[in-house]
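Next come two complexes built around chain A: one with chain B, the other with chain C.
Coming up: the complex of A and B.
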């Protein structure tokens, strides 16, 4: 080995060490301690010594509340894709045209995404107050009857309401990404299509959409992971209620951990959440995103 | 170029070392210095904050060489910090315990100092109120404030609805609810979104339904097989069926903001709310003029239930107590004893900071509502600690969740008992 090669390696080591140290302290170590915690019965103080094997996993997976939480996560994942993808695409395509007030419209669509999630949650919570909230006021004003227990207080309505708020919050990200993707489509392609006699609609579907593929796949990935880990908005709006109608895996583990001091169960739930996210991310990376990296080579 | 790289590498390495040092540090204060003691409390508003600063100064004056470091925190901050302190084992020398199962767990882990002998005089003076902070007949913390739960109501709205007598039985309460509804008023608010305010109904019903021995036994044995627990659920279910609560009560928070359960009572949107002794203070914080319901505030205890085996004068309640961790210096115990002295408790009462436990301070409570509560509390044969506190977070949390489900019509009285029993069995 040459002297230069050795030096280069040392240099790489030196530059990588801080990043690795941060990764170790803030990612690997917490994951490892969550895994360790999940095998013990532990109340949050004193020595961790009551080893219970897989008992915590058994309790988590056998708990109806946790199963419902997983179902709610899946509903949010699927609904996000089904609703936000077409809506985001449509808005992005509209805003990509040269229309009046385009800048203003783009800003309006994007503002909710920039707003802090907790602040947005508190505002929506007040808007959705039964009887005294603005939403109920508008519904009554047009002559309809708002739900007796409010949108967030009725178990059947809480999850759909939560989803509407989440869509309002995250549509901006989809639109922004799709707009950026559309901007990457060269004008010549549109011109060529037009010369061949394609209308606006045809150009969008046949030219823009296929070229948006990589962007859409990236957004799908972000959306899925975000939906699986959804916590802030649920916690502020409903805390997982009413009657556990809006629990997610994240609210379940916080509830078990910091509220009930069942740190072992919270640890097991967090490991399950981690595994689900990890497997999905990995599969997505291997099966779907890979196409994008391969074609670029 | 080379020297630059090396210097950068050095900086990076030392930063890494610092980080590691920071991660490993933090436990160097466990060897407490005899002359410096730390005290955490949650009276972070005036007059309480200033009063406790003065108390610490007076104590330092009486104990030359002792330095008391006082930390006044918002309640939620203190709870979070204490949880972290328990994990690290680095506790303040004087801190607050809520009693019950949580304290029993701390005692079992060997973290709390036994005060039975060191503060025997104070334990005797406080009397029966200390029960919630005893484990196996030993006292681990001294309660300095103990309140009871009952119905806070708006006197003006009661008058408006033509209610002249306060309810003694559940049937009387249903009459009150009917009259309020007839007058187009919302009878009750409940912060079922936070669960525990809903659970208090079940606790109070259980207190009226079950004899004292059954409740005391249940706290120790975690056995809920007595059918009085199910009857308690029946009482609550019957009340829920009269639909007395504010719209959206399932998602209503207990005391945050004007649309919370306490906010609705404070702003005259509902006529009653069942809440703890802190309600007048909470309502003051939720109104613009800082007065809450003011002179319109009234209070009555949870009514008697049909066929109940519990003492109708017994009350549901809870409070805060000063505790000292195992291994803290003796002077910390002296501070706790001083905090329970006639002098400090009288000042505590004069500042309306809570309901003092030292009988010498009883006369000093100036707020009429609090004075009334104090009378009820002292007339009670016993004060049952809130069940979620008594049973500990794990069992208590499961119980509260199931009771909240009952309020949503998704659980039966039987479900509440079996969910509680199931969580309790996991603890054994």
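Coming up: the complex of A and C.
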């Protein structure tokens, strides 16, 4: 670049500064504060002076409620992959067939994903009301007995129920991504496989699935990060209850921070949440995403 | 459904239809998927046309007769309009700030050659990894105490825009990179400045990408819950907060809650569905580039 020099530097600065300023003030600074906060006992008033070292971490990691919260997050991460991935793939392959009203079908499948999590939560809360709700009504109608305390009020059932609602909400994203990926598979490949005598399902599994690799990996990443941060749906459906059966790391830290004013504890929980997300993202990057870049080059 | 039955069905239908076309089984599964997907949404919309007494008698029934009172109640509720105004204003500010700052940052990252280009881009990529929940408590303190913009539109919109920036930059950069160099050179030859090129060339040509990130930011803000929950109270609340609070405060009025909920979800739904093709196209462009 011969035009370079100070003028170019000034231009770059002019274009990049607003974004960097915004990131610095509202992303980097708060995260740095969370880290700092995690080393102090602080109730939110007065100067932050009572340095306690790692004691907040000790308390958070020793707290059964937090450990359960981590476990719940991990259950949601794993269950999402085990359930939503095959289901999403199957539906995407189905909708990729030449059937009537295909466009409409695709739009419909995507509707729950576009709704606010809170709104979906409020509707499901009504559906799941003990006794008066539609779900209990259907269960009674087929001759079974719905749980006494309702699906969301029974500790053993609350987390699985939450997961079903989350699957309803987020399956559309998986389907949309996989459909986009499937459309990138050239027709000639299907035709060649068909000439070799492969059936429809065989062509899907042997031809389309391997080519979907990058798309599936993108979805895995989004799903994982989303599951680790889960807050809205839990807050609306159960508030973390009953008896902390559905707490997540995010509901734990919000509870500690805004309702109990244990800012140090909330800070430590934030840092743990960040570290878990970061380690998983890093592991993902090293183990999975790398293959994409290597094969592309 | 077991696998072999499916396969046999496949075998028998294959000869009659072109390859890849769906048989009755395909339509059946599609129907089940649609019913499960739409069922809860329809229940909400229909429930809004029923009375609480109807809902209690037969939770899954159709309106009999159809009542407009619940929806009229929502439209006649000044709180609803206030929440809608707040949601709109916050979403518009978030979108404008995120897209403006995002495209400005993406421009040099795509079209300039300088030493720090890739490291700078990595800053935005890393930004994708920071979940908003991690920063939420300090963000609450920063916005309410240090900046004193706690219960305001800007207090929510600015942090939201900041958290949307990374994805905006990551999506937009390939769009800007894909614009042919010849156009830029021709403009330079005609005496245009780099800022002029940005304004007259880059912005119009990257419009599909801009629309994509704008719709994503708008819908994201419209649906947001956590940050508004911490920062907004009373008259400043947005629709998701309004819906959640309304449903706890009027828990006995199920029909009213369902009407409120249904109306609150319509704007984001309409916007997204109207833009669906462009968003999918836009995302594909970003992935390809």
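Just so we're on the same page, the second predicted complex is superposed on the first by the 288 of 297 C-alpha atoms of A that agree within 3 Å, B and C clash if a C-alpha of one lies under 4 Å from a C-alpha of the other, contacts with A are read in each partner's own complex, and residues count from 1 in each chain.
Just so we're on the same page, contacts are C-beta pairs under 8 Å (C-beta built on N, C-alpha and C of every residue); 3 or more make two chains touch, one makes a residue touch a chain.
Only a predicted model underlies this, so the values are computations on that prediction, with no experimental measurement involved.
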Chain B versus chain C as contact partner of A:228, first or second or both or neither: second
Partner chain in contact with A:278 - chain B first, chain C second, else both or neither: second
Which of chain B and chain C A:18 touches, first, second, both or neither: both
First (chain B), second (chain C), both or neither touched by A:212: neither
Contacts of A:168 with chain B and chain C, given as first, second, both or neither: second
Chain B versus chain C as contact partner of A:148, first or second or both or neither: first
Which of chain B and chain C A:126 touches, first, second, both or neither: both
Chain B or chain C, by number of chain A residues touched: C
First, second, both or neither for A:258, with chain B first and chain C second: both
Partner chain in contact with A:44 - chain B first, chain C second, else both or neither: both
Interface residues of chain A shared between complexes with chain B and chain C: 11, 14-15, 18, 22, 25, 44, 126, 129, 132-133, 258
Of all residues in chain C, those that touch chain A in their complex: 6-7, 10-11, 14, 18-22, 26-27, 29-30, 33-34, 36-38, 40-41, 43-44, 47, 55-56, 58-60, 97, 100-102, 104-105, 107-109, 112-114, 120, 123-124, 127, 129-142, 158-159, 161-163, 165-166, 169, 194-195, 198, 219, 222-226, 229-230, 239-241, 243-244, 247, 254, 257-258, 261, 264-265, 268-269, 272-273, 276, 280, 283-284
Of all residues in chain B, those that touch chain A in their complex: 5, 8-9, 12-13, 15-16, 19-20, 23, 83, 86-87, 89, 105-106, 108-111, 192-195, 247-252, 257, 259, 269, 392-394, 397-398, 401, 404-405, 408, 410, 426
In the complex with chain C, residue positions of chain A that touch it: 1, 4, 8-9, 11-12, 14-16, 18-20, 22-23, 25-27, 29-31, 33-34, 37, 44, 91, 94-95, 97-99, 105, 107-112, 114-127, 129, 132-134, 137-138, 168, 172, 176, 180, 190-191, 194, 199-201, 225, 228-229, 231-232, 235-236, 249-250, 253-254, 257-258, 263, 266-267, 270-271, 273-274, 277-278, 281
Of chain A, residues touching chain B in the complex: 11, 14-15, 17-18, 21-22, 25, 43-46, 59, 65, 126, 129-133, 148-150, 152-155, 158, 238-239, 241-244, 255, 258-262
